[in-house]
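The structures considered in this document are given below.
Heads up, the next two complexes both have subunit A, just with different partners, subunit B and then subunit C.
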Partner chain A sequence: MGKTISNKSLSVKVEPGNPSKILADSVFKNFFIEVYSMTAFTFRFFKEVWKPPYEINEILKQSFLIGYKSLPLIAITGFIIGLVLTIQSRPTLAKFGAESWLPAMVAVSIIREIGPVITALIFAGKVGSGIGAELASMNVTEQIDAMQVSDTNPFKYLVVTRILSATLMLPILTIFADVVGLFGSYMGVNIKGNVSAHLYFSQVFQSVTFEDILPAIFKTLFFGFAIGLIGCYKGYNSNKGTEGVGKSANSAVVFGSLMVFVIDMIAVQITSLLQN
Partner chain B sequence: MKKNTTNKIKLGVFISIGILLLIVIIYFIGERQQMFRSTFRLTGVFRDIAGLQTGNNVRLSGVNIGTVEDISIISDTSVEVAIIIDEKAQRFIKKDAIASIGSEGLMGNKVIIINPGKGGMKRIRDNDVIATSLPIDIDSILTAFKKTIENTTSITSDLASMTKNIESGKGTLGRLIMDKEWRENFEATFINLKHGSNEFRVLMEKANNIDDIVVSVKETIKNTAEITANLSKITGNLEAGKGTFGRLLMDSTTAINIDSTFINLKEGTSGLKTLLEKAKTSWLLWGF
Partner chain C sequence: MISDENESIETLESPENSAVIEIQNLKKDFGNKTVLRDINLILNKGENLVILGQSGTGKSVLIKCIVGLIQIDEGKLIVLGEDLSTLKEKELIQVYRKIGFLFQSGALYDSMTVRENLEFPLKRQLRMKNQEEMDLLVKEALHDVGLDDAIDKSPSELSGGMRKRLGLARTLIVKPEIMLYDEPTTGLDPITSREISNLIMEVQKNHTTSSIIITHDIECARLTANRIIVIKDGVCAVEGIFSELENSTDPWIKSFFE
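Moving on to the complex of A and B:
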């Protein structure tokens, strides 16, 4: 196409076509190619995950990096979210004279929605971009190719371990975020009131049910899986070049965050369907 | 290698604490839903459950003792509600206990309130059916409240017109309050009444013994009762035509006889009269 346009002597004979149509065609093609290769990547993961060797040490190492190293960030975010949500909700509840409902309301909000989603977004920002950039730079420096040559399955060693670690670590991080968030909320309640920790947590557990916590924790498995998968896919299939690293990291975060919301929307539908 | 081991320990601690926290949360939620306690089950059939949901609390004397387990419609006028109650509360609930549906507040959740029943009855058992009463419906309260407000409005408007009349000196009360002449008359009347009552008191004191008076009044009443009884007897007899008077009043033959007697008497007297007049002129009786 570029040839046709640059070659001015032939431009009279060759139909230039509608440039916007050509662009749309290529966008569509690229989109479906992307969908295909991503689906293939996902199937490959499920195929490889059952096959030995299981690379337990690498999984533990990645879990340490992905899970343990993310804890301070997740804990601070959870604490702030709990505190801010409580302070923000107070005036609205005070209008109805229902300030005593503050712990119950904030607890349900944090455990059902805010805890899992905020944790997943932070996780996508930190871990998704990390995985994307790491694998992309390995790709650029041809380390992945070197692995293949040295009879090590790079998909198994790099991709499967990271996706599994991300899938398993996010639920645990979410539990930490929920608990720290509730402590933040407790402090928020006590800024303008005087509620004992015993009363606060008894009100929290009075309002929270298994229908709140179990689907919320369960959906974070899918969040973690999506973030790990997208990070690995973007890094593993990055362009060969230094800009490919940045691009992979960026698109891993953007697409990973978007997928978190999409999965959340599906999860809430399924949860409400099961509850009725 | 050493660093690797430290990292593994850190990861182990991280995962353990995370799972422990999840277990603690699940335990506390389960504790609230009576999951780890021995419980027993009761069912009650309500006509209307007023928005009760599964998981709502069950209360006895204001203490949460259980939760609503299941709600199912069994016919167009009855809803069966199954509740799970802590076994510790079983000994306080008797066979004649009554369950009703209340509310935690005007906007709060619904709760089942159990009235424990009388002391002498037997304890309620697992899977028993508990008696129920109709829930208090907010709508009916509001309807009653509306009626009360309407009544209050009419009462206050009446009061307003009354006070207006009083102020303008209309009616007895108004004139009493507002009219000086009336008020003075009233005061004079009260003074007279006071005097009168004083005199009455003196009079009563003068009476030797109030008891005697009461006894005599009693006797008088008794006599009066006897008299009236006799009277009624007499009138009864009269009506039945018994006795002279009765026959006089009621018996037609006697009446006719009396009539003819009177006619005869009349005739007799007129004959006597002429005889007397003749006798006056008669020489035989000259000088009388």
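Moving on to the complex of A and C:
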């Protein structure tokens, strides 16, 4: 039942001997232990996600908390990025006499890359760390144990619901960030020069195709999954101590952000393969 | 609501004493560290058994083994006449349902209100759906621990003593036959501790609950214990009633009572 797989029983003991060799050994071993237990955690997710009860209410509640509450932050960042990117790109394009390409170029960069990645990084910082800290503090204060005693599978109730919500919400937030980013870019274009909204958006939609949009949104599903998974893993397996809460939140952000870039790199390889 | 006298001790020595929990040769390691070496104990029906022991001797681990939060390595756990190792998952859940657990840190759900905290075990453990029925039970449970006004508050607004009482209400709402208390008075002032001890005695009296109470608080032990066991080095080192242990000549046992 429940959370019998704990890192603590696997953790490496440092023995006397050559200090640098021991350090290297233990870092090395700890790395593989971490990879192993993270993989086990992922498999457990895929095993439990199909089994009832599906905790629909909890998924909806988490989606609201994760998605809706991130909207203001995502809106501000998206807007600023769109605006700044436009202002920064203008001189270069002007040099080549290609200023009329400004809307198209910025739109493609936002939709293909900047929108998804910036949204995912903000998401890792806000949602990933939030999940890590919340589950870690529930672990320290025995709330996870209490759920299990009340006939509730805490892995399903806490972990599966949060991973699913994160996976579903990030694509939606990305689309939102893209739209706000384009609006910011439209403002940027109009700082110098006068382009009507109609002209601006018709230029954007001429240059942006579904081949830009679909892979970009599709990869955010994986970003969201990774961020949710890592936040849950770090929180659920935290050390039972108050210092565990900060540590979990911190490493959820660090590993979550790192995974975003790793997945992004893989995604760009796959899409360029497919599109050739 | 809270009575100061505990007259129930005599009635417990009745001949129908039967074991509700029997632990035989229980062993539990974490990695290469043995926490519980060889635990043997019996909890009789209607009895309050107090477990003493220094911090880190594995008292919490012991009662978490009883409800299956921690898997045992060796030994036998017999709860309400059933050997847990022979039961299937479904039957195990039936047995666990009859055990209440008051966590050391209260384990209140921070993201829920007091009402939702109390409804959680009703919905989850008893599969209750009728809102009116739940409202009634929630009000009654809060009334029993003197927290009538807290129903729509969030747990973070409550004081330490109130949180403990809410934790107790949430555990008692499903009417368990066995109660396991993990340091119920730790971190509370003497007056609040006494209130909690009195609540524990009331639970014993009103519901004929059998309880294991882990504590460091000698006052709590004096008030609530029918019998005391001291754990040391992973075994049950000493057993007796309060006055026996209090007057012991062994300096180590005496040190608990200072």
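The rule is simple: the second predicted complex is superposed on the first by the 260 of 276 C-alpha atoms of A that agree within 3 Å, B and C clash if a C-alpha of one lies under 4 Å from a C-alpha of the other, contacts with A are read in each partner's own complex, and residues count from 1 in each chain.
To be clear about the criterion, a residue touches a chain if its C-beta (ideal position, glycine included) is under 8 Å from a C-beta of that chain, and two chains touch if they have at least 3 such contacts.
Predicted model, so just to flag it, every value in this text is computed and none were measured.
Once chain A of one complex is fitted onto chain A of the other, the partner contacts of A:Thr141 are limited to subunit C, with no touch recorded for subunit B. In the superposition on chain A, A:Val149 contacts subunit C only, with no contact to subunit B.
When both complexes are overlaid on chain A, the residue A:Gln206 reaches subunit B alone and has no touch with subunit C.
In the superposed model, A:Leu274 makes contact with neither subunit B nor subunit C. When the shared chain is aligned, subunit B comes close enough to touch A:Ile172, but subunit C does not. Note: no residue of subunit A belongs to the subunit B contact set and to the subunit C contact set alike, using the contact criterion stated above. Of all residues in subunit B, those touching subunit A in their complex are 4, 7-8, 10-11, 14-15, 17-19, 21-22, 25-26, 28-33, 55, 107. Interface residues of subunit C, counted against subunit A in their complex, comprise 30-32, 64, 67-69, 71, 89, 93, 96-97, 99, 101, 103-111, 120-121, 124-125. Residues 60-61, 63-64, 67-68, 71, 96, 98, 171-173, 175-176, 178-179, 201, 205-206, 208-210, 213, 217 of subunit A touch subunit B in their complex.
Per the touch definition, subunit A reaches subunit C in the complex via residues 1-2, 4, 8-11, 13, 134, 137-138, 140-143, 145-152.
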